[in-house]
Amino acid sequence: MRSPIGKRHWAIAEGYIPGWSHGPEPQFTSHETACILNTADQEAHVEITIYYADREPVGPYRVTVPARRTRHLRFNDLNDPEPIPRDTDYASVFDSDVPIVVQHTRLDSRQAENALLTTIAYAGNE
Amino acid sequence: MRSPIGKRHWAIAEGYIPGWSHGPEPQFTSHETACILNTADQEAHVEITIYYADREPVGPYRVTVPARRTRHLRFNDLNDPEPIPRDTDYASVFDSDVPIVVQHTRLDSRQAENALLTTIAYAGNE
Amino acid sequence: MRSPIGKRHWAIAEGYIPGWSHGPEPQFTSHETACILNTADQEAHVEITIYYADREPVGPYRVTVPARRTRHLRFNDLNDPEPIPRDTDYASVFDSDVPIVVQHTRLDSRQAENALLTTIAYAGNE
Amino acid sequence: MRSPIGKRHWAIAEGYIPGWSHGPEPQFTSHETACILNTADQEAHVEITIYYADREPVGPYRVTVPARRTRHLRFNDLNDPEPIPRDTDYASVFDSDVPIVVQHTRLDSRQAENALLTTIAYAGNE
(Lines give C-alpha, C1' and ligand atoms only; values in the text may rest on other atoms or scores of the structure.)
Protein backbone atom coordinates (compact mmCIF):
# COMPACT_ATOMS: atom_id res chain seq x y z
CA MET A 1 0.00 0.00 0.00
CA ARG A 2 1.11 3.54 -0.70
CA SER A 3 1.68 5.70 2.34
CA PRO A 4 -0.62 8.73 2.68
CA ILE A 5 0.53 11.90 0.92
CA GLY A 6 1.51 14.96 2.94
CA LYS A 7 3.18 16.11 6.11
CA ARG A 8 2.09 16.44 9.73
CA HIS A 9 3.11 20.07 10.29
CA TRP A 10 1.97 23.06 8.21
CA ALA A 11 1.95 26.83 8.48
CA ILE A 12 0.00 29.64 6.79
CA ALA A 13 1.72 32.96 7.45
CA GLU A 14 -1.04 35.07 5.89
CA GLY A 15 -4.38 35.26 7.64
CA TYR A 16 -7.03 37.93 7.45
CA ILE A 17 -10.80 37.67 7.51
CA PRO A 18 -12.23 40.75 5.78
CA GLY A 19 -14.58 42.76 7.91
CA TRP A 20 -17.50 42.82 5.54
CA SER A 21 -18.99 41.08 2.50
CA HIS A 22 -20.97 41.69 -0.65
CA GLY A 23 -23.15 39.19 -2.49
CA PRO A 24 -25.39 36.20 -1.69
CA GLU A 25 -24.61 34.19 1.45
CA PRO A 26 -22.92 31.87 2.23
CA GLN A 27 -20.91 31.48 -1.01
CA PHE A 28 -20.02 35.17 -1.20
CA THR A 29 -19.40 35.80 2.46
CA SER A 30 -15.81 36.99 2.71
CA HIS A 31 -13.96 34.02 4.14
CA GLU A 32 -10.59 32.48 4.76
CA THR A 33 -10.35 28.74 4.27
CA ALA A 34 -7.85 26.00 5.09
CA CYS A 35 -8.49 23.03 2.81
CA ILE A 36 -7.27 19.89 4.53
CA LEU A 37 -6.87 16.57 2.72
CA ASN A 38 -6.44 13.33 4.61
CA THR A 39 -5.69 10.39 2.32
CA ALA A 40 -4.80 8.09 5.22
CA ASP A 41 -6.96 5.17 6.32
CA GLN A 42 -7.28 6.64 9.78
CA GLU A 43 -8.88 9.78 11.14
CA ALA A 44 -6.60 12.83 11.37
CA HIS A 45 -6.64 14.79 14.61
CA VAL A 46 -5.51 18.29 13.76
CA GLU A 47 -4.57 20.96 16.26
CA ILE A 48 -4.60 24.53 14.96
CA THR A 49 -2.79 27.38 16.72
CA ILE A 50 -3.55 30.98 15.77
CA TYR A 51 -0.73 33.53 15.99
CA TYR A 52 -1.34 37.26 16.29
CA ALA A 53 0.72 40.41 15.88
CA ASP A 54 0.40 41.70 19.40
CA ARG A 55 -0.72 38.97 21.79
CA GLU A 56 0.04 35.36 22.71
CA PRO A 57 -1.07 32.55 20.38
CA VAL A 58 -4.53 31.06 20.90
CA GLY A 59 -5.31 27.36 20.69
CA PRO A 60 -5.33 24.59 20.07
CA TYR A 61 -8.49 24.53 18.02
CA ARG A 62 -9.23 20.84 17.52
CA VAL A 63 -10.47 19.57 14.19
CA THR A 64 -10.88 16.02 12.91
CA VAL A 65 -10.75 14.96 9.30
CA PRO A 66 -12.12 11.46 8.73
CA ALA A 67 -10.10 8.82 6.87
CA ARG A 68 -10.02 9.40 3.08
CA ARG A 69 -11.83 12.74 3.30
CA THR A 70 -11.21 16.42 2.64
CA ARG A 71 -12.41 19.19 4.90
CA HIS A 72 -12.60 22.79 3.74
CA LEU A 73 -12.43 24.60 7.03
CA ARG A 74 -13.52 28.22 7.25
CA PHE A 75 -11.53 30.13 9.86
CA ASN A 76 -14.73 32.17 10.26
CA ASP A 77 -16.28 29.09 11.88
CA LEU A 78 -13.64 28.45 14.55
CA ASN A 79 -15.15 29.28 17.95
CA ASP A 80 -13.45 27.14 20.59
CA PRO A 81 -11.49 28.43 22.51
CA GLU A 82 -12.59 31.74 20.90
CA PRO A 83 -13.59 33.22 17.54
CA ILE A 84 -10.94 34.85 15.33
CA PRO A 85 -11.54 38.59 15.18
CA ARG A 86 -12.37 40.13 11.79
CA ASP A 87 -10.17 42.71 10.10
CA THR A 88 -7.15 41.48 12.09
CA ASP A 89 -3.83 40.02 10.92
CA TYR A 90 -3.14 36.47 12.03
CA ALA A 91 -1.23 33.34 11.01
CA SER A 92 -1.88 29.65 11.67
CA VAL A 93 -0.02 26.43 12.37
CA PHE A 94 -1.45 22.93 11.85
CA ASP A 95 -0.20 19.86 13.71
CA SER A 96 -1.71 16.52 12.77
CA ASP A 97 -1.14 12.97 13.96
CA VAL A 98 -1.25 11.61 10.39
CA PRO A 99 0.08 13.15 7.16
CA ILE A 100 -2.24 15.73 5.60
CA VAL A 101 -2.08 18.34 2.84
CA VAL A 102 -3.10 21.94 3.61
CA GLN A 103 -4.01 24.67 1.12
CA HIS A 104 -5.01 28.25 1.92
CA THR A 105 -7.77 30.16 0.10
CA ARG A 106 -9.52 33.48 0.59
CA LEU A 107 -12.64 34.89 -1.01
CA ASP A 108 -12.73 38.63 -0.52
CA SER A 109 -16.13 40.06 -1.39
CA ARG A 110 -15.78 43.46 0.21
CA GLN A 111 -16.27 45.05 -3.17
CA ALA A 112 -18.86 44.30 -5.81
CA GLU A 113 -16.67 41.78 -7.61
CA ASN A 114 -15.07 39.06 -5.56
CA ALA A 115 -11.32 38.44 -5.48
CA LEU A 116 -9.65 35.10 -4.83
CA LEU A 117 -6.28 33.96 -3.65
CA THR A 118 -4.79 30.57 -2.87
CA THR A 119 -1.49 28.93 -2.07
CA ILE A 120 -0.30 25.62 -0.84
CA ALA A 121 0.69 26.05 2.80
CA TYR A 122 4.26 25.64 4.05
CA ALA A 123 5.06 22.07 5.03
CA GLY A 124 7.49 21.71 7.92
CA ASN A 125 9.79 18.82 8.55
CA GLU A 126 8.66 15.86 10.59
CA MET B 1 20.55 13.56 -20.76
CA ARG B 2 18.74 15.44 -18.03
CA SER B 3 16.09 13.48 -16.21
CA PRO B 4 12.52 14.82 -16.52
CA ILE B 5 11.52 17.48 -14.00
CA GLY B 6 8.87 16.77 -11.38
CA LYS B 7 7.49 14.11 -9.10
CA ARG B 8 5.13 11.18 -9.55
CA HIS B 9 2.69 11.99 -6.73
CA TRP B 10 0.80 15.27 -6.27
CA ALA B 11 -2.13 16.58 -4.26
CA ILE B 12 -4.47 19.58 -4.55
CA ALA B 13 -6.35 20.06 -1.29
CA GLU B 14 -8.64 22.79 -2.62
CA GLY B 15 -11.25 21.84 -5.19
CA TYR B 16 -14.49 23.57 -6.04
CA ILE B 17 -16.25 24.05 -9.36
CA PRO B 18 -18.49 27.12 -9.08
CA GLY B 19 -22.12 26.43 -9.82
CA TRP B 20 -22.61 29.09 -12.44
CA SER B 21 -20.78 31.36 -14.86
CA HIS B 22 -20.85 34.78 -16.47
CA GLY B 23 -19.31 35.78 -19.80
CA PRO B 24 -18.57 34.22 -23.20
CA GLU B 25 -18.05 30.44 -23.37
CA PRO B 26 -15.80 28.51 -23.09
CA GLN B 27 -13.08 30.90 -21.86
CA PHE B 28 -15.28 32.43 -19.19
CA THR B 29 -17.04 29.28 -18.03
CA SER B 30 -16.20 28.94 -14.34
CA HIS B 31 -13.69 26.12 -14.25
CA GLU B 32 -11.07 24.38 -12.17
CA THR B 33 -7.96 23.23 -13.98
CA ALA B 34 -5.01 20.96 -13.25
CA CYS B 35 -2.15 21.90 -15.54
CA ILE B 36 0.06 18.86 -16.05
CA LEU B 37 3.51 19.06 -17.61
CA ASN B 38 5.30 15.96 -18.83
CA THR B 39 8.88 16.69 -19.93
CA ALA B 40 9.76 13.01 -20.17
CA ASP B 41 10.36 11.20 -23.44
CA GLN B 42 7.58 8.75 -22.67
CA GLU B 43 3.85 9.08 -22.23
CA ALA B 44 2.65 9.73 -18.67
CA HIS B 45 -0.23 7.62 -17.41
CA VAL B 46 -1.88 9.62 -14.65
CA GLU B 47 -4.48 8.31 -12.23
CA ILE B 48 -6.58 10.95 -10.47
CA THR B 49 -8.54 10.22 -7.30
CA ILE B 50 -11.19 12.68 -6.11
CA TYR B 51 -11.74 13.03 -2.36
CA TYR B 52 -14.95 14.40 -0.86
CA ALA B 53 -16.05 15.72 2.50
CA ASP B 54 -18.71 13.13 3.19
CA ARG B 55 -18.30 10.06 1.01
CA GLU B 56 -15.65 7.62 -0.20
CA PRO B 57 -13.09 8.75 -2.82
CA VAL B 58 -13.99 8.27 -6.48
CA GLY B 59 -11.54 7.08 -9.11
CA PRO B 60 -9.22 6.53 -10.63
CA TYR B 61 -9.89 8.88 -13.50
CA ARG B 62 -7.31 7.92 -16.13
CA VAL B 63 -5.54 10.62 -18.13
CA THR B 64 -2.57 10.39 -20.45
CA VAL B 65 -0.14 13.17 -21.21
CA PRO B 66 2.02 12.48 -24.28
CA ALA B 67 5.80 12.72 -24.13
CA ARG B 68 7.06 16.33 -24.06
CA ARG B 69 3.58 17.80 -23.80
CA THR B 70 1.46 19.80 -21.37
CA ARG B 71 -2.20 19.11 -20.71
CA HIS B 72 -4.46 21.66 -19.06
CA LEU B 73 -7.16 19.41 -17.69
CA ARG B 74 -10.51 20.88 -16.68
CA PHE B 75 -12.04 18.99 -13.79
CA ASN B 76 -15.36 20.00 -15.35
CA ASP B 77 -14.59 17.55 -18.17
CA LEU B 78 -13.90 14.45 -16.05
CA ASN B 79 -16.75 12.00 -16.62
CA ASP B 80 -15.48 8.46 -16.09
CA PRO B 81 -16.26 6.92 -13.62
CA GLU B 82 -18.58 9.92 -12.91
CA PRO B 83 -18.72 13.73 -13.24
CA ILE B 84 -17.62 15.90 -10.32
CA PRO B 85 -20.64 17.66 -8.87
CA ARG B 86 -20.74 21.48 -9.02
CA ASP B 87 -20.79 23.69 -5.93
CA THR B 88 -19.21 20.87 -3.87
CA ASP B 89 -15.93 20.77 -1.94
CA TYR B 90 -13.41 18.19 -3.14
CA ALA B 91 -9.68 17.50 -3.29
CA SER B 92 -7.57 15.52 -5.73
CA VAL B 93 -4.52 13.26 -5.82
CA PHE B 94 -2.44 12.53 -8.92
CA ASP B 95 -0.33 9.40 -9.35
CA SER B 96 1.79 9.13 -12.48
CA ASP B 97 4.21 6.52 -13.78
CA VAL B 98 6.71 9.19 -14.88
CA PRO B 99 7.66 12.49 -13.21
CA ILE B 100 5.24 15.33 -13.93
CA VAL B 101 4.58 18.86 -12.63
CA VAL B 102 1.05 19.80 -11.51
CA GLN B 103 -0.34 23.31 -11.03
CA HIS B 104 -3.87 24.23 -9.92
CA THR B 105 -5.89 27.13 -11.39
CA ARG B 106 -9.46 28.33 -11.08
CA LEU B 107 -11.41 30.87 -13.08
CA ASP B 108 -14.44 31.99 -11.15
CA SER B 109 -16.85 33.92 -13.32
CA ARG B 110 -19.89 33.83 -11.10
CA GLN B 111 -19.85 37.60 -10.93
CA ALA B 112 -19.48 40.11 -13.74
CA GLU B 113 -15.70 40.31 -13.39
CA ASN B 114 -13.76 37.08 -13.30
CA ALA B 115 -11.42 36.12 -10.46
CA LEU B 116 -8.39 33.88 -10.76
CA LEU B 117 -6.33 31.77 -8.42
CA THR B 118 -3.39 29.44 -8.90
CA THR B 119 -0.83 27.47 -6.91
CA ILE B 120 1.71 24.82 -7.54
CA ALA B 121 0.29 21.56 -6.20
CA TYR B 122 1.86 19.67 -3.30
CA ALA B 123 4.50 17.18 -4.44
CA GLY B 124 4.71 14.04 -2.35
CA ASN B 125 7.75 11.88 -1.88
CA GLU B 126 8.50 9.05 -4.25
CA MET C 1 9.42 20.69 22.76
CA ARG C 2 8.82 20.97 19.06
CA SER C 3 11.30 23.05 17.11
CA PRO C 4 9.90 26.17 15.43
CA ILE C 5 8.47 25.69 11.94
CA GLY C 6 10.15 27.28 8.95
CA LYS C 7 13.49 28.19 7.43
CA ARG C 8 15.93 31.04 7.91
CA HIS C 9 16.30 32.08 4.26
CA TRP C 10 13.46 33.04 1.91
CA ALA C 11 13.04 34.75 -1.44
CA ILE C 12 10.14 36.45 -3.25
CA ALA C 13 11.01 36.88 -6.91
CA GLU C 14 7.93 38.98 -7.74
CA GLY C 15 7.68 42.45 -6.30
CA TYR C 16 5.71 45.42 -7.55
CA ILE C 17 3.89 48.15 -5.67
CA PRO C 18 1.17 49.55 -7.93
CA GLY C 19 1.45 53.26 -8.54
CA TRP C 20 -2.05 54.19 -7.52
CA SER C 21 -5.09 52.96 -5.56
CA HIS C 22 -8.86 53.01 -5.49
CA GLY C 23 -11.10 52.62 -2.44
CA PRO C 24 -11.05 53.49 1.28
CA GLU C 25 -7.66 53.76 3.03
CA PRO C 26 -5.75 51.94 4.42
CA GLN C 27 -7.39 48.59 3.60
CA PHE C 28 -7.73 49.33 -0.10
CA THR C 29 -4.44 51.10 -0.64
CA SER C 30 -2.60 49.05 -3.25
CA HIS C 31 0.06 47.23 -1.30
CA GLU C 32 2.54 44.40 -1.32
CA THR C 33 2.91 42.43 1.88
CA ALA C 34 5.34 39.89 3.31
CA CYS C 35 3.60 37.94 6.04
CA ILE C 36 6.20 36.65 8.48
CA LEU C 37 5.43 34.04 11.12
CA ASN C 38 7.81 33.41 14.01
CA THR C 39 6.75 30.42 16.12
CA ALA C 40 10.03 30.38 18.04
CA ASP C 41 10.36 31.35 21.67
CA GLN C 42 12.87 34.04 20.79
CA GLU C 43 12.67 37.21 18.78
CA ALA C 44 13.50 36.89 15.07
CA HIS C 45 15.89 39.45 13.60
CA VAL C 46 15.15 39.58 9.89
CA GLU C 47 17.28 41.31 7.29
CA ILE C 48 15.56 42.09 4.00
CA THR C 49 17.49 42.86 0.81
CA ILE C 50 15.69 44.39 -2.16
CA TYR C 51 16.88 43.46 -5.65
CA TYR C 52 16.18 45.60 -8.70
CA ALA C 53 16.36 45.15 -12.46
CA ASP C 54 18.93 47.78 -13.19
CA ARG C 55 20.86 48.75 -10.06
CA GLU C 56 22.63 47.21 -7.08
CA PRO C 57 20.58 45.65 -4.27
CA VAL C 58 19.50 47.87 -1.38
CA GLY C 59 19.58 46.82 2.24
CA PRO C 60 19.50 45.37 4.68
CA TYR C 61 16.17 46.60 5.94
CA ARG C 62 16.01 45.39 9.54
CA VAL C 63 12.77 44.01 10.95
CA THR C 64 12.08 42.20 14.18
CA VAL C 65 9.28 39.74 14.81
CA PRO C 66 8.71 39.03 18.49
CA ALA C 67 8.60 35.48 19.82
CA ARG C 68 5.34 33.66 18.96
CA ARG C 69 4.05 36.47 16.78
CA THR C 70 3.19 37.16 13.15
CA ARG C 71 4.02 40.36 11.36
CA HIS C 72 2.33 41.37 8.13
CA LEU C 73 4.90 43.74 6.70
CA ARG C 74 3.90 46.16 3.97
CA PHE C 75 6.78 46.86 1.59
CA ASN C 76 5.15 50.28 1.20
CA ASP C 77 6.26 51.04 4.76
CA LEU C 78 9.96 50.21 4.39
CA ASN C 79 11.92 53.45 4.60
CA ASP C 80 15.37 52.74 5.98
CA PRO C 81 17.78 52.83 4.15
CA GLU C 82 15.30 54.13 1.53
CA PRO C 83 11.70 53.71 0.35
CA ILE C 84 10.91 51.24 -2.44
CA PRO C 85 9.86 53.16 -5.55
CA ARG C 86 6.30 52.60 -6.85
CA ASP C 87 5.55 51.11 -10.23
CA THR C 88 8.98 49.44 -10.29
CA ASP C 89 9.93 45.74 -10.53
CA TYR C 90 11.81 44.36 -7.57
CA ALA C 91 12.46 41.12 -5.66
CA SER C 92 13.30 40.44 -2.02
CA VAL C 93 15.39 38.10 0.10
CA PHE C 94 14.82 37.46 3.81
CA ASP C 95 17.55 36.26 6.18
CA SER C 96 16.56 35.52 9.76
CA ASP C 97 18.46 34.27 12.78
CA VAL C 98 15.61 31.89 13.76
CA PRO C 99 13.30 29.83 11.53
CA ILE C 100 10.36 31.79 10.11
CA VAL C 101 7.66 31.27 7.47
CA VAL C 102 7.19 33.92 4.74
CA GLN C 103 4.16 34.38 2.49
CA HIS C 104 3.72 37.02 -0.21
CA THR C 105 0.45 38.88 -0.88
CA ARG C 106 -0.58 41.80 -3.04
CA LEU C 107 -3.76 43.85 -3.08
CA ASP C 108 -4.05 45.72 -6.34
CA SER C 109 -6.74 48.36 -6.21
CA ARG C 110 -5.79 50.35 -9.27
CA GLN C 111 -9.17 49.56 -10.77
CA ALA C 112 -12.59 49.80 -9.16
CA GLU C 113 -12.58 46.19 -8.00
CA ASN C 114 -9.55 44.95 -6.11
CA ALA C 115 -7.48 41.95 -7.19
CA LEU C 116 -5.52 39.69 -4.89
CA LEU C 117 -2.61 37.34 -5.24
CA THR C 118 -0.61 35.27 -2.79
CA THR C 119 2.03 32.57 -2.68
CA ILE C 120 4.24 30.98 -0.14
CA ALA C 121 7.74 32.36 -0.65
CA TYR C 122 10.68 30.22 -1.74
CA ALA C 123 12.53 28.66 1.20
CA GLY C 124 16.25 28.25 0.69
CA ASN C 125 18.44 25.69 2.35
CA GLU C 126 20.10 26.39 5.66
CA MET D 1 29.90 34.21 2.00
CA ARG D 2 26.41 32.84 1.69
CA SER D 3 25.73 30.83 -1.42
CA PRO D 4 23.06 32.27 -3.76
CA ILE D 5 19.46 31.27 -2.98
CA GLY D 6 17.51 29.08 -5.38
CA LYS D 7 17.80 26.18 -7.77
CA ARG D 8 18.95 25.79 -11.35
CA HIS D 9 15.88 24.02 -12.76
CA TRP D 10 12.30 25.27 -12.57
CA ALA D 11 8.95 24.50 -14.19
CA ILE D 12 5.67 26.40 -14.60
CA ALA D 13 2.94 23.99 -15.66
CA GLU D 14 0.33 26.69 -16.26
CA GLY D 15 0.82 29.05 -19.15
CA TYR D 16 -1.74 31.08 -21.06
CA ILE D 17 -1.55 34.56 -22.54
CA PRO D 18 -5.09 35.95 -22.79
CA GLY D 19 -6.10 36.94 -26.29
CA TRP D 20 -7.15 40.48 -25.49
CA SER D 21 -6.86 43.27 -22.93
CA HIS D 22 -8.74 46.12 -21.32
CA GLY D 23 -7.23 49.25 -19.73
CA PRO D 24 -4.21 51.52 -20.22
CA GLU D 25 -1.08 50.04 -21.82
CA PRO D 26 1.38 48.62 -20.89
CA GLN D 27 0.44 48.02 -17.25
CA PHE D 28 -2.97 46.60 -18.07
CA THR D 29 -2.04 44.61 -21.14
CA SER D 30 -2.98 41.01 -20.32
CA HIS D 31 0.34 39.33 -19.69
CA GLU D 32 2.06 36.32 -18.25
CA THR D 33 5.28 36.93 -16.37
CA ALA D 34 8.16 34.85 -15.04
CA CYS D 35 9.92 36.80 -12.31
CA ILE D 36 13.52 35.62 -12.10
CA LEU D 37 15.80 36.52 -9.20
CA ASN D 38 19.56 36.03 -9.44
CA THR D 39 21.31 36.72 -6.12
CA ALA D 40 24.61 35.27 -7.36
CA ASP D 41 27.66 37.35 -8.08
CA GLN D 42 27.75 36.12 -11.63
CA GLU D 43 25.40 36.51 -14.58
CA ALA D 44 22.76 33.79 -14.96
CA HIS D 45 22.29 32.29 -18.41
CA VAL D 46 18.78 30.92 -18.52
CA GLU D 47 17.37 28.67 -21.21
CA ILE D 48 13.58 28.53 -21.44
CA THR D 49 11.74 25.73 -23.21
CA ILE D 50 8.04 26.12 -24.04
CA TYR D 51 5.87 23.00 -24.02
CA TYR D 52 2.56 22.77 -25.87
CA ALA D 53 -0.44 20.47 -25.86
CA ASP D 54 -0.17 19.24 -29.40
CA ARG D 55 3.27 19.87 -30.85
CA GLU D 56 6.95 19.51 -30.01
CA PRO D 57 8.55 21.89 -27.48
CA VAL D 58 10.05 25.13 -28.78
CA GLY D 59 13.32 26.57 -27.54
CA PRO D 60 15.59 27.33 -26.03
CA TYR D 61 14.76 30.96 -25.57
CA ARG D 62 17.92 32.48 -24.12
CA VAL D 63 17.69 35.07 -21.37
CA THR D 64 20.39 36.55 -19.18
CA VAL D 65 19.90 37.95 -15.70
CA PRO D 66 22.85 40.05 -14.50
CA ALA D 67 24.53 39.37 -11.16
CA ARG D 68 22.45 40.59 -8.17
CA ARG D 69 19.46 41.53 -10.31
CA THR D 70 15.85 40.54 -10.86
CA ARG D 71 14.22 40.30 -14.25
CA HIS D 72 10.46 40.25 -14.68
CA LEU D 73 10.16 38.57 -18.03
CA ARG D 74 6.91 38.84 -20.00
CA PHE D 75 6.27 35.74 -22.05
CA ASN D 76 4.52 38.13 -24.45
CA ASP D 77 7.96 39.51 -25.32
CA LEU D 78 9.68 36.23 -26.21
CA ASN D 79 10.28 36.21 -29.96
CA ASP D 80 13.33 34.09 -30.71
CA PRO D 81 13.00 31.37 -31.98
CA GLU D 82 9.29 32.34 -32.29
CA PRO D 83 6.54 34.23 -30.43
CA ILE D 84 4.21 32.32 -28.10
CA PRO D 85 0.73 32.24 -29.62
CA ARG D 86 -2.08 33.96 -27.67
CA ASP D 87 -5.08 32.11 -26.29
CA THR D 88 -3.08 28.84 -26.29
CA ASP D 89 -2.17 26.50 -23.42
CA TYR D 90 1.52 26.10 -22.76
CA ALA D 91 4.01 25.31 -19.99
CA SER D 92 7.63 26.34 -19.45
CA VAL D 93 10.88 24.95 -18.09
CA PHE D 94 13.83 27.08 -16.96
CA ASP D 95 17.41 25.83 -16.89
CA SER D 96 20.06 28.15 -15.49
CA ASP D 97 23.79 27.83 -14.95
CA VAL D 98 23.57 29.47 -11.51
CA PRO D 99 20.87 29.17 -8.83
CA ILE D 100 17.83 31.41 -9.42
CA VAL D 101 14.32 31.79 -8.00
CA VAL D 102 11.34 31.78 -10.39
CA GLN D 103 7.82 33.03 -9.66
CA HIS D 104 4.87 33.02 -12.06
CA THR D 105 2.33 35.86 -12.34
CA ARG D 106 -0.53 36.67 -14.70
CA LEU D 107 -2.54 39.84 -15.14
CA ASP D 108 -5.75 39.08 -16.96
CA SER D 109 -7.46 42.25 -18.13
CA ARG D 110 -9.90 40.73 -20.57
CA GLN D 111 -12.75 42.12 -18.52
CA ALA D 112 -13.17 45.63 -17.11
CA GLU D 113 -11.58 44.73 -13.78
CA ASN D 114 -8.24 42.98 -13.85
CA ALA D 115 -7.57 39.63 -12.17
CA LEU D 116 -4.23 38.49 -10.80
CA LEU D 117 -2.64 35.17 -10.00
CA THR D 118 0.79 34.14 -8.82
CA THR D 119 2.68 31.11 -7.54
CA ILE D 120 6.22 30.18 -6.86
CA ALA D 121 7.33 27.87 -9.66
CA TYR D 122 8.27 24.23 -9.11
CA ALA D 123 11.96 23.79 -8.27
CA GLY D 124 13.49 20.57 -9.59
CA ASN D 125 16.44 18.78 -8.11
CA GLU D 126 19.95 19.61 -9.19
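Chains here go by letter, A, B, C and D, matching the order in which they are written, and residues are numbered from 1 within each.
We adopt the following convention: a contact is a pair of C-beta atoms (placed from the backbone, for glycine too) under 8 Å apart; a residue touches a chain by one contact, two chains touch by 3 or more.
Not measured: the values here are computed from a predicted model.
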| item | value |
| --- | --- |
| Fraction-based call for subunit D against subunit C, same above half, different below | different |
| Most remote chain, CA-based centroid, reference being subunit C | B |
| Centre-of-Cα separation between subunit D and subunit A, whole angstrom | 30 |
| Distance between the centres, which are taken as Cα means, of subunit C and subunit A, whole angstrom | 21 |
| Touching two or more other chains - residues of subunit C | 112-113, 115-120 |
| Contacting residues of subunit A [partner subunit B, same complex] | 2, 5-6, 23, 27, 33, 35-37, 39, 68-72, 101-103, 105, 112-120, 123 |
| Complex contact set, residues of subunit D against subunit B | 9, 11-16, 51-54, 56-57, 87, 89-91, 93, 95, 104, 106, 108, 110-113, 115-122, 124 |
